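Right after this note come the structures.
Each of the next two complexes has chain A plus one more chain, namely chain B in the first and chain C in the second.
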Partner chain A sequence: MIRLVPRSTASTFWQVATPVMAVLATMIAGGVLFAIMGHDPVTAIRTIFWDPLFGPAAAYSRPQLLVKAAPLILIASGLAIGFRAGIWNIGAEGQYIIGGLTGGAVALAAYPSEGAWIFPAMVIAGAAGGWAWGMIPALLRNWFGASEILVSLMLVYVAQRVAAWMAFGPMKNPEGFGFPGSRNLQQYPAASNPELIAGTGAHWGVVAAAVAVLVTWVLVSRHIRGFHIRAAGSAPRAARFAGVNPATLVAFCLGLSGALAGMAGLFEVAGPAGQITDKLGTGYGFTAIIVAFLGRLHPVGILLAGLLLALTYIGGELAQLTMQLPAATVQVFQGMLLFFLLGFDVLTRFRIQRKGQS
Partner chain B sequence: MNSTAVFRAEGIGKSYPGVRANDDVSFQVDAGQIHALLGENGAGKSTLVKMIYGLVRPDQGRMSLMGAPHQPADPRAARAAGVAMVFQHFSLFDALTVAENIALGMENPPPRRELSARITKVSHDFGLPLNPARRIVTLSAGERQRVEIIRCLLQNPRLLIMDEPTSVLTPQEAELLFATLRKLAAQGTAILYISHKLDEIRTHCDCATILRHGRVVDSCDPRAHSARELAAMMVGGEMRDIDRSGRQAGEVLLKVQDLSLPAPNAEGTALKSVSLELRAGQILGIGGVAGNGQEELLAALTGETRSASGTITLEGADLSPLPPEQRRKAGLLTAPEDRLGHAAVPDFSLTENTLLTAGARKGLVRNGLIDHRAARSFAESVIAAFDVRTPGPHVTARALSGGNLQKFVIGREVLQDPRVLVVNQPTWGVDASAAAFVRQSLLDLARQGAGVIVISQDLDELLELSDQFCALNEGRLSEPCPTEGLTLDQIGLMLGGAHGMQEAAL
Partner chain C sequence: MIDPLSVFLLLLSASTPILFAALGELIAERAGILNLGVEGMMITGALAGFAAAYATGNPFIGFLVAALAGAAISLLYTVLTQVFLANQVASGLALTLFGLGLAAMFGKPFEGVKAPPMPDGPFGINWIVWLGLLMVPVIWWFLNRTRRGLILRAVGENHEAAHALGYDVRLTRTAAIAFGGAMAGIGGAFISIATVLQWTEGMTAGAGWIALAIVVFSSWTAFGVLAGAWLFGGVTVLQLRLQAAEVDVPVQLLSMAPYLATIIVLVLISARQTYSRKAGGAAPGSLGNNFHALR
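This part shows the complex of A and B:
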């Protein structure tokens, strides 16, 4: 028999070790899964985790790493702040979509004028859109006690409908021969979010993600506001005693994570995606939740986790191409990762003790 | 040994990792005896009674009940053998009635009507009026305790264990409880009684076993000793006298005028037109049974709940609209009752916990940025000045014993040099030497010219500390009167008398 004994202080060693163990366990379980499906597990794992960086086609796939990691890190940085306070924004995907729409709207409205103000205005509009979409669950929670988990999640589906409406209606490219989708912003220099250094994949979103990591790091570790956020998540009454207003905190956390998600959406629309379509949301907002937890809600952890999850995206695509693995592989992998992480997490709060009989 | 022993322990030992909780403990409780178990927090009393009640198993030694070996595998086995226990914290369902709650705790509950009749009979026989049809939520703390006691009495226990039963009672309710215990003892039940209150042990107990560091250090007839002597046996040294000297009432510091607030939730209490005045150098004691508005009053003073403007003024400045950190800046500091989770964040280190209240006054936060080094050195100075026993400021609050964390929490406020300090239950569940330390620090603070409000259920503490006494009852604060010359009986009447003294209406 084994028994779980609670630790009085959470183990620092296991806090770092559990994400690593979760990744290894995911590789093993994934390998077993591939073996059952009739693929060589070692090749499959290598294709997903190794080839994107060092394989024969790495020159193409490597820049994709930053392209995919940037929105994940940007969104997860905001989400982690709320998660630390016990405020669960599950709807970053919706805030991402709305941010892409509002930011893109600025560009489409300004078209075809050229001006240095256009791109910054788009970033601000994107952040504002995501912020506003995040404020809906915040206000509903503060006014009526509605669960921000459900409201923010359901607003994702509303946002998807809005994106479809925009792509087929008001924002449709008038010169697009009737195809759905907006003008291509990559062909509109004042509004585009290009690769800044050739061959790296780094666009303005990557810069923003790096800034977000630094700023949230300072916020969480050095700023009294971050201290209050952590206190509110750990002991809400103590936080109130210290002077935290719970309603303000809810608005701050949902607003901040919404704004960062909205910004990520805009960078995607103006950059890699290039246009507003009904497929604007690609799941970054949901994957970012895994990134936040895998990164232990810590900015540096989120940076690493974001890169890892980006790798599974690229590797999954590669495995689809070269091994004909199904497209759902990536999602299975990400799901397993979160599952194993939460499972191993027990070890940070509990010790395993062997027990004699009875 | 004599043949009337109901319970006997011989050489009981129990270790936890790093702690020897009980070591070679031997004692016996006779039939018809009220036997006190005395000791500081951490002396091993809880571990000992948990072993008797089957919650924990001893590593060594033997226990016997009525001459038969007593090795309960769980509380159910202990109950079947004739051991009953009333815990300090009640386990009752608020939404259910008295009879329903009692039925839930029974192995084979009789039909509800029969059970109600039995509850009524037992409550009459023992002088504990209780209506079986009432819902728990409508009962006072004293009445809730009666439910727990009657639940035990229905099992006809041979040994009844009571863990600090009077901490929630008014003096009148406590008297009622002791009358019941006497009757029970007269029928031959053995009673094991745990308490910190030396005076009540001296008046009511026949025998006392004193534990220190897990060992039996003495056993005596408490009636033959003074409270001082008993305290000295507990802590293993002379108790320091409390020094009340050298204080003078100065100008008015804190003024609360006509403060009314609705109840924060269904279990809370509304504050009804509370007014008080606190002068420099003065200690105002606010007594009352828990749940009569103590937490609400403290929350209104900290700023956790905001009240109408003009209701709270400090040295003439209106604090009512200000949030907690602004009030602290102005000099109004507080220490809530609940140490873990309210006064401190359990999972944060002591260093981080200084930031909860001391950020502004101690310069630990500048322009929003935390100065971790300053916070650590402030935590270290609290630890040193208040004799907090801990390996260092990096330890989490959760890892400290109740008494040590309380010293830390009080020390954190006192060392910020407040104009007014408000504390709620400053020594609740704290061992005697830590309690004496905390009380002395409050007196010293008042001597230096600060005003202090002590909200407490411990009347001895209030009498010892305060110059003025008032009572909080159902959200109303009585007129203050000088503590000098006040008797426990008068105080009991101020607190609203015993709750539910009238016969239960059936």
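This part shows the complex of A and C:
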């Protein structure tokens, strides 16, 4: 028999090794799943993890990597800050949607005027919208003790319906021949979020994601607030004695992650999506939770994890086209990844001992 | 106009999925387990139950399979939290994301087919609705009047003490999680087999999360769960009635009502639990914490 002995501090080696192991285990388990479904497992895994980067159509799919990774990294950087402090913002998807709506609203209000102020104003409005949507669970928790997990999640469903209402009602394109959805912002130069360097997929969201990684890294490792966050997460009682105000921390974490998610939503609406529709939320807010965990809540880890999960999105689309795999395959992969990560994580916190040994 | 009896029957039907899921989660939470995977277990039950009912032509076999499927997928959560001692919040989320993906993946062949008809029970009310109503006193009795219920509560209230008294914390929790999974599975299957009568991707639409909120609302009691489920059912029926009456409010805004009502109720009950010391109904002492026996 074996038993688990808690480590006094988490193992650095296993902290880096477990995400890698989780990815490998996901590939193996995914292969088994494909075999059961009657597909060739090797081809399927290669289609999802290799072909988007190096396959025959890679020139087309490679730029997509940054397009998909940017929102994931942007959202996950914010979420990770809260998760470190034990503040669970599960509703980033809702904050993303609202950010897209408020940012998009600025563009639609300004149409058709031109001006350099429009795009920055949209970004600010998007961040503000996401911030406000994130502050709802924060204030309800601080004032009434309501669970931020449940409130933020309920607000995702509310946000989806707000988006549907806007797309079919107030924000519908007046020149859209009755089709739902707003004006296409890609055709409105002052408000569009174009590819900055041709062939890379990099738009302003990618720049913002890079900045977010840097800023959160400095915040967590160098700033007093980062110390408070880490203290509150690992020893809440001690943190109180160190002068950490839990209510301020809740508001800060939910507000920050909301603002980043809102920005991600705006970049998507003004860029790759191009317009406000009822399908504005595509699940980035939920996948970003996996990115945050897989990246070990560390900015550099999140960067790598975001790129990897972006790869599974693109690979999943490719597998859908070439192998007729169902679209939900990606979701299953992402879920499995989180399962394996959480399971293997036992190694970072515990030593494994044979019984009878001391 | 509106016939109160028919409204009540609709309310019963609308509240049943949530009632099952919330009663299951109630047992899990009383054992100290915060399982955020309810939504994932519900959708698994919704698909597995629908598939079995469609294949056999017997809706009751569908519900049985749904319960088994819900319990089976909850094992993943059990392995993570009870064997590998993973964080309960993260593990529950993983279960929800995985369950939604798995159901969407295997559900494709069942899109567009119809569920077999379900015979009505006494008074024209669905048998599963009756079963749900019956489960409320049964669970109350189990928790408050049986020895096993007492052990389960002890494990949830203080797992160190329960362990010291010689009770098997891990076994108790494993059973509670499996029961929660089975109940969530039945709740999900009620949506696909008895309400919507077909399978569509993501059809549980947050019902599992609402069930979680209703457990908080209930102050962790069985009859409280019933009250919460009926409140939710009432809001849903009212909202659907208003839609049918073509009130001059966009449909999308009306359909927010159940989610907004859940938030409001959650806030009211949390405020009561936070500010009034006399009001009982605090969360179980060990809720959300894993137990690791050092000796």
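Operating definition for what follows: the second predicted complex is superposed on the first by the 355 of 358 C-alpha atoms of A that agree within 3 Å, B and C clash if a C-alpha of one lies under 4 Å from a C-alpha of the other, contacts with A are read in each partner's own complex, and residues count from 1 in each chain.
Criterion: contacts are C-beta pairs under 8 Å (C-beta built on N, C-alpha and C of every residue); 3 or more make two chains touch, one makes a residue touch a chain.
Fair warning: this is a prediction, and the values are worked out from it, not measured in the lab.
Look at chain A after the overlay: chain B and chain C fit there side by side. Once the two complexes are overlaid on the shared chain, A:Gly335 sits against chain C while remaining clear of chain B. Look at A:Leu4: by the touch rule set out above, it reaches chain C but stays clear of chain B. In the superposed pair of complexes, A:Gln324 makes contact with neither chain B nor chain C.
Considering which of chain B and chain C touches more of chain A, the answer is C. In the superposed model, the angle subtended at the C-alpha centre of chain A by the C-alpha centres of chain B and chain C comes to 70 degrees, rounded to the nearest 10.
Contact with neither chain B nor chain C is seen for A:Thr12 once the two complexes are overlaid on the shared chain.
Once chain A of one complex is fitted onto chain A of the other, the partner contacts of A:Ala235 are limited to chain B, with no touch recorded for chain C.
Once the two complexes are overlaid on the shared chain, A:Val346 sits against chain C while remaining clear of chain B. Once the two complexes are overlaid on the shared chain, A:Gly169 sits against chain C while remaining clear of chain B.
The superposed arrangement places chain B and chain C with a least CA-CA distance of 7 Å. In the superposition on chain A, no chain A position is in contact with chain B in one complex as well as with chain C in the other. Looking at the complex, you find that chain A touches chain B at residues 8-10, 222-225, 227, 230-231, 234-235, 237-243, 245. Residues of chain B that touch chain A in their complex: 302-304, 323-325, 328, 334, 336, 338, 340-348, 352, 355-357, 359, 365, 368-370, 372, 395-396, 398-399. Residues 4, 6, 88, 90, 140, 143-147, 149-151, 153-158, 161-162, 164-165, 168-169, 286, 289-290, 293, 326-336, 338-339, 342-346, 349-350 of chain A touch chain C in their complex. Those residues of chain C that touch chain A in the complex are listed here as 36, 76, 79-80, 84-87, 89-91, 93-94, 97-105, 108, 201, 205-206, 209-210, 212-213, 216, 250, 252-253, 255-256, 259-260, 262-263, 266-268, 270-271, 273-274, 292, 294.
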